[in-house]
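Two complexes are shown next, each including chain A; its partner changes from chain B in the first to chain C in the second.
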Partner chain A sequence: MSELKVGVVSCSGEECLGGTISRLATRKVLEELKLVETVTLCLPLYLAGGKEERNFAKVFPTISVDGCDKLCAKRSTEKYSGKISGFIDVSKIIGNENALNKKIVRNKDLNKEHLQMIDEIATEIVRMIGSINPDSYSGKSFCGCSCGSDQ
Partner chain B sequence: MVENYAILPCNGLDKCAGVISREIAIKLCENPKNEIICPVYYRVAEAKYNKIAGKHPLLVIDGCQTRCASKLSAEKNLKISRQVTITEEAKKHKIELGSNLRLLENENALIEIIQNGLNNTEVKVTQSSVETSFLVKFEYETYQNGKFIFRVPKNQEVWFNENDCWVYVIGNRARIGVTDFVQQNLSDILYFTPPEIGAEIDQFGEVGEIESSKSVFELISPVSGKVISINETIVQQPELINENPYESGWIAELELTDFESDKELLIGFDKYFEIVKNKVKDVNG
Partner chain C sequence: MDKKVKVVPCSGIGKVYGLMAREAVLKTVFELCPEKSETVCLAYIVTGDKEVKVKIEGFDCITVDGCPKMCASKNVSIAGGIVVEEMKVLDTVKEHKGKKFGSPTQLNADSEAVMSEIAEKIAKKINEIN
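Presenting the complex of A and B:
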């Protein structure tokens, strides 16, 4: 049995701060906080028909991170791969006013307060990963091809 | 003067190139006349983004060869004015991209090069200036019968008709040609008669001829559209069709009229590969 991995799928959000924070918090988890335990599922690739991404989300626990209440990542993942293990709506945590801010979307424009928001969302993702019961996925592995095998 | 763009980046989040595509798009949108199209939300808010895509020339920024943004524009039948693939640009400028998602010195240098290139190049939305980069190398499945090898490209954007012609579609443009089955059966190809540039071709209409010492083959177009360019090289060197009818031996490029409708009468790799095997068995036993 291979080690259980958790997929994290972030919204693409490039129109507002919530999307930027989703992506950066997701990256923080993938690159620093849960480097070994997580993989990223690229949402544009997933929607373009990426079989590996879709099959992963069918077999392994997957968490979506959305910038606003449109919940593009959650809805898309559930449409093609079934129920997800957890979802985060960033706007519920940092507030709509911040999340829907269209003036600040680039990383270089983020201030200290925004970086704290990223930390807060990253912590929430980590908490959600910790709440997943590995026994529910015991014995499952992902062969990496597009056969959808969950032996 | 540079025109304003509707910008469709791939916005990938599994490779650095995807992150670069987003960064370039957002930087370009510091000019308020440029507008961005979110590749994910586009699938929900189609009307909103169709309006944006209709207002400006479309710039598509793909991170890698998977070309998710180009695929999306094809799906939405958008006319691409400029297309950039980050990994190809990195190769062209000899810049090595990092294996993680961080934008460091190399990545930022590439962003600046691409952004400057886009800002300083005049864009005219005419058929001849449409820049689409078709892949020059395909992955193939092969079927061997005796000494003859028949290749069929496995790329998802390549479609076939039962007349043994292929079409490779990116956005509103297509490249067409014949398959290995045709060139193997014709043997040494001696002449190529191209279609006329500007000619309006119906799906299954004739789009040029190739001739060998054995026979003449009329190319049956897999798609409808206007011929916008031909492969000038094969006029002088038709033997390139024998060498590789999918790569150096392509025939013509068309601006598509209604690919969504044409697609219903085309077949994908799996089915065509089976058809080829059966045809070869019929011909050669």
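Presenting the complex of A and C:
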């Protein structure tokens, strides 16, 4: 059976606010977007031997969401799974001053302004998913390998 | 040279245990042991960049993982960090059977309490090291 899926890889960086925003925006899209099935891929699994994560991104269109311009999620995904369908640099949208804030990182410290930033990034993720050509994922399935069939 | 213990969570995004690892580490480095510990982005460690290897290589590190795949521990080791303690969120979770821990987006009261317990364990280890 074919499935419609798009992968989103967030950096979830622990050192600054941009990482927290990238993570929560990705979660928001995962929980609220129902147009296509969106799955999050666990970035650290790429190096830790996560074959399914790597193979998923080889088969289905995948978008990276990075908190800063180091673009760790983008680079790691491309290293192990080939070219991605799109990438978001959160710092370009909320500004470096916010993204690199090292004092406010925990969920409990987020204020209304930060929640608006999360909404803004989530909107951008949704826009990017919407711009993906449906032919790139239509009719494909995922059984853990990188063949893209349901056999 | 910076002697702070590096504390690195997996921050797994698919399960609440990843969030518990992340929040426990952030509570430790911000509130419990800010003078003795700091965190380093795991996604940055994964890139293998020279700049991040310098931050990790040869340093005492505590890793906190939310699932048995132990991604934080494996990646810190690959980057040359000395993993002096591998903490597993599930070890503490097992002591709280029957509780519901919320979602990977937001902790609830139960997961917040267990997260704090994990943070205390991390802090205890840091104080033993430093």
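Please note the rule applied: the second predicted complex is superposed on the first by the 137 of 151 C-alpha atoms of A that agree within 3 Å, B and C clash if a C-alpha of one lies under 4 Å from a C-alpha of the other, contacts with A are read in each partner's own complex, and residues count from 1 in each chain.
Everything below uses one rule, namely that contacts are C-beta pairs under 8 Å (C-beta built on N, C-alpha and C of every residue); 3 or more make two chains touch, one makes a residue touch a chain.
A quick note: this is a predicted structure, and the numbers were derived from the prediction, not measured.
Applying the stated clash criterion after superposition on chain A shows that chain B and chain C collide. Judged by the touch definition given at the top, the superposed model places A:K58 against neither chain B nor chain C. Contacts of A:T26 after superposition: both chain B and chain C are touched. By the document's definition of touching, both partners, chain B and chain C, reach A:R106. Of the two partner chains, chain B and chain C are each touched by A:G13. Within chain A, the residues touched by chain B in the first complex and by chain C in the second are 10-15, 23, 26-27, 31, 40, 42-45, 47-50, 70, 72-73, 76, 105-107. Residues 9-15, 18, 22-23, 25-27, 36, 38-41, 43-44, 66, 68-69, 71-72, 100-103, 156 of chain B are the ones that touch chain A when the two sit in their complex.
Residues of chain C that touch chain A in their complex: 8-14, 18-19, 22-23, 25-27, 30, 39-44, 46-47, 49, 69-72, 74-75, 78, 103-107.
Looking at the complex, you find that chain A touches chain B at residues 10-15, 23, 26-27, 30-31, 40-45, 47-50, 70, 72-73, 76, 105-107. On the side of chain A, the complex with chain C involves touching residues 10-16, 19, 23-24, 26-28, 31, 40, 42-50, 66, 70, 72-73, 75-76, 105-107.
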